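I've put the structures underneath this note.
Common to both upcoming complexes is subunit A, partnered first by subunit B, then by subunit C.
What follows is the complex of A and B.
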């Protein structure tokens, strides 16, 4: 009996030590999303909820790359939509039409992202602050125009569609559950990998260098941090994340058409990062859920909102305004502070209970 | 790239040549001077002027001068809209240090109100069309003025400790709010806003007959009147002095006894009014008022402000004129790639002069 208790205690101790590891939360989150797929296959969840989860995961990948730029590098960019669109069209054209294998397509996408990221990075060395944001906005519009005009690559206004894809020698045709499940699992894996990559970048010397660059460029330079290197790195990383997000997007929705990658998409990503909290991975996921997922998964089931669809837009807008005005650190900061306050309250209550139960401590 | 014409290729070659000249000058001459930066900035100014001139010369080889003037005359209403929107953006940037993404939406709200007033008056049996449209315009200006005032007093002022990206986010949230409110107030049916006049006026420059729509004349006259009033106010009134003081430093201005609250609120209100005029003309050009109609104008206004510099009104207006010239001539070279060409030119100019054509570098204390 004693032995069993020991084993249990040991197990608990080990579990606690594992649960402190940063990857633990990511894997739990991935398992939760996987469990949602199981529930859907049993018929307990509707397909729209699963679609919302998928979009939240894809956009979280994009937003994590963006937060490396904004939350750590302190560089505002409004050209995200163009990069995401580029990723989706590369996937749609190279894999869907030209018949290049899946891994090679991903490699090409990353190569293109490297080139674009370096280009924007070099531009950012000369142009700063609000000017950079607006120039990147112009670059995003240029990319959108490029998608619309260059119709052998993107299909012009009608867009590109991806009917099937082939991975590890297996062909998946769209339109059945097998395709849907495979894509969902691929997206979960990419989502977890992106989170792992992000936290590794944040906690490494690179992340610290980016953070110091954000706070004061002169101070960072005087400590021996090369501005050129880290700016280029920040842009390259964020564009790689964005392009991969685009590739995942076309796998999930099976089509991508140029006018969709406009300014408002970039602004939505920016809003998600700011509202959730630019320096925390869970904050970003909360922000993405609020901006992209709240409407489909929650508000559509409340009769008040589903009867007046205009109110959903107003609700989102008011939410953004209120969060930015009163919680500049994002919603994650609010959750953290309220959790901390709750802990203090609980400790006080415990003390009170003890004094009541055992009498006052004389010392 | 597919479909690039000869003239565009020539322009590209000329620009690359100018860049090469600058690099060569920098390598062999400026590096050895003691006042490098002075020489560099002077050479840049000369080269940018040269490149703009060569673009005009190359375009003149494709067209004759009267045709260019004709094209520009036809685009004057776009020019007025762009100048008004740019001035509004710069006004808000100067006092609140943020780029106002809600500018277009505030303007569209005004245009919707103006259109509904016009519809009411027409349904009420008025027949004097000019009077009706002017009353609609003034109603739109008034409602956007109040909206701008309301936004600053109720929202932007409360978020004083929010940084400039945060303020951008607030204006983005406002875009969503106004976008949701418009169909609730004005209904989801499209509202038609008629033009002042559909006539054209024909006159001669030399021997060449020129055509200009009367609507454009209305737009030019109203823009000139409004902007000259604004600039006179900025130059000679206490409010204008306050705007300039707030632009240089809000804290110091408020310490010196400038009521920065009133200054900022009035700037937002006036920016709203300017936007309403722009949106009114934009809507009456396309016959229908739409929610998202002002977005491309707003993007162009931001680009114009970057091109000319956010710091100065005159510079940003020149930026707007340049963008208008580029956008009106580019389609004749190449219809599909015009946006890429125009933004590419702007990008090159801004790369050469990072603070815009007329921006002054402010020394920062580390």
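What follows is the complex of A and C.
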């Protein structure tokens, strides 16, 4: 009996020490999403729920890169949509049409992201704040126009579609469950890897350097942090994340057409990061769910919203206004503070019960 | 041509030498951390063993009905627990009685019931205590058997403890040997490169830029123009190694501009600045960029506190240690073991610095909302992370009250004496400047008025005129 108790206590201790590791939550989240796939294959969940999860994961990858730029580097960008589109078209063209292998396509996508990120980064060295946002907005629009007019690469206004893909020598044709499951698992893996990479960057000297660059450039410089290097790094990282998100997007939806990658998409990503909390990974996921997932999973089924789709945009706008006005740290901050308040309230309630049961202390 | 190759070789060797020295230092620091951790682990194990020994002796004593301090305290603790349980029961009873008393129609019956119940509780308490005493009042009292068994137990445990301690000492010695060997090897390599450097230095034209003996910073005709305004006008002076050098002047005299020129926030329009980095190396500061200055051994603070508000105090210190992290970006992306080790070592170092500055209590709090004096101290602590040769303080006493200023003076002196750094400061608080500075330089409208000991400056007529106006 005693031994069993000891073993249980030991197990609990080990579990507690493991659960404190930052990766633990990510893996649990990934397993939850995987479990959802299992439920769907058993027929307990509808496909729309899985689609919501997939979209949340893909856009979270993009938003995490964006948060490294905005939440840590303090640099505003409105050109995200162009980069996500670029990723999707690279995947669609290189892998789907030109027949380059999957891993090579990913490598090419990362290389292109590097070049574009460096380009934007160099532009950003001379420009700050609002003007940087305008410049990146211009770059995003340029990319969109490029997609529309350069139709051998993107398929022009009608867009590119990806009917099948080949990974590790196995061919997956779209339209059956096998394709769907494989893509879903690939997306979960990429999602977990993106979270791990983000937390590693945040908790390392690079993350601190980015934050200090945002807080005080002069202090950062006098501490040996090169502004040029870290600005370029922030842009490169965010564009790599965005391009990877685009590649995952076309795998999931099998389709990408140029007009989709417009300003409103960039603004949605910005809104997701700000609503959720620009410095917390879970906050970003919550924000992405509110901005992108809620529309697909809940609001479309409410007649009031589905009859006038413009109201969904208004709903998002109101959400942003409320969050920015009352919780500048994002919804994650709201959750944290309310958890803290709940704890205090529970302690008070316990005290009340104690005085009721046992009388006052000074008796 | 030969000279150029020679100079290039010297630069390469210096780089390698610095790399080796950094590596050796890191190995040493990490070994310290590891040894401390292992020692504490052994201590914990020994304590656990001792605890379990005490428990076993107690069990034996209870078994043989021995009456000694151990069993007495054991039983009295048990009794205390029982008493506490009944205390709470009684309190609950009392509370329920006082609640019912207000509504009850007949108070006499209620009171009677209450008295009865409390009597029952008292009886129960006595019963339980008696039971407990009876349970442990063993009559066997086999003293001989008991002492024999206890002795064997004690011998066994002491042997175990000795074994553990011996093993840990052996392990530590092995580890220390390994580290020492590694350090020796590194030292040998360093010696090799040092010799090479020495032999090369003979026939190379090492530029020492004509710095006098004992001078660490030399400004030569420094001039800074903003458009038509001349903020610093052909200023030149020397700062000696290990002194506290004060730069004073009325408002707008260009003191902070001088600092910004030295730390390369501004690019001086004219003039040269030299800094003695170490015994053999003197650097020409004009050639470096802002973020490279800290690597030469110059750190600065700011007039208005410039901390990273979104990071905790200890993370702020780690930002200052940015140049000490050698792991590259991909190492950080994968969180390699090396990064983990570096983080451990530097965190320990930051904790030591905080302890020295008396800031350890604020380790994990965020700077936003802390008192101004503490913020200034944190900024000062931040400069100590990289073991600089020279600390530049921009108005360290601005915004502090008298007591805090006195403390600051003490701290500045302590830093100078313990870390053997040169301190170069700008200050308006004349009391502080005259108290701590070894040399004071007074400037007005970017021009040097006088330089000398505080007393000489106080008696200088030009300085008085600049501050108080001409008579």
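The definition used in the following text is that the second predicted complex is superposed on the first by the 336 of 363 C-alpha atoms of A that agree within 3 Å, B and C clash if a C-alpha of one lies under 4 Å from a C-alpha of the other, contacts with A are read in each partner's own complex, and residues count from 1 in each chain.
Note that in this section a residue touches a chain if its C-beta (ideal position, glycine included) is under 8 Å from a C-beta of that chain, and two chains touch if they have at least 3 such contacts.
Bear in mind that the values here come from a model prediction, so they are computed numbers and not experimental data.
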{"item": "Combined model on subunit A where subunit B meets subunit C, clash or fit", "value": "fit"}
{"item": "Contacts of A:197 with subunit B and subunit C, given as first, second, both or neither", "value": "second"}
{"item": "Which superposed partner A:226 touches (first subunit B, second subunit C, both, neither)", "value": "second"}
{"item": "First (subunit B), second (subunit C), both or neither touched by A:239", "value": "neither"}
{"item": "Partner chain in contact with A:206 - subunit B first, subunit C second, else both or neither", "value": "second"}
{"item": "Partner chain in contact with A:359 - subunit B first, subunit C second, else both or neither", "value": "second"}
{"item": "Subunit A residues touched - subunit C or subunit B, whichever exceeds", "value": "B"}
{"item": "Partner chain in contact with A:280 - subunit B first, subunit C second, else both or neither", "value": "neither"}
{"item": "Partner chain in contact with A:218 - subunit B first, subunit C second, else both or neither", "value": "both"}
{"item": "Shortest CA-CA distance between subunit B and subunit C [superposed frame, angstrom]", "value": "6"}
{"item": "Overlapping contact positions on subunit A, where the subunit C interface meets the subunit B interface", "value": "216, 218"}
{"item": "Partner subunit A, residues of subunit B touching it in the complex", "value": "1-3, 93, 99, 101, 155, 158-159, 161-166, 168-170, 172-181, 183-184, 295, 299, 302-303, 305-306, 310, 336-337, 339-340, 343-344, 346-347, 350-351, 354-356, 366"}
{"item": "In the complex, subunit A residues that touch subunit B", "value": "70, 76, 123, 126-128, 130-131, 133-135, 137-139, 141-142, 145-146, 148-150, 152, 216, 218, 263-264, 267, 270-271, 274-275, 308, 310-314, 316-321, 324-325, 328"}
{"item": "Contact set on subunit C toward subunit A in their complex", "value": "88, 91-92, 94-95, 98, 263, 265, 289-295, 299-300, 302, 306-311, 315, 318-320, 322-323, 325, 327, 329, 332-335, 339, 382, 386"}
{"item": "Complex contact set, residues of subunit A against subunit C", "value": "197, 200-201, 203-206, 208-209, 211-212, 214-216, 218-227, 233, 279, 356-359, 363"}
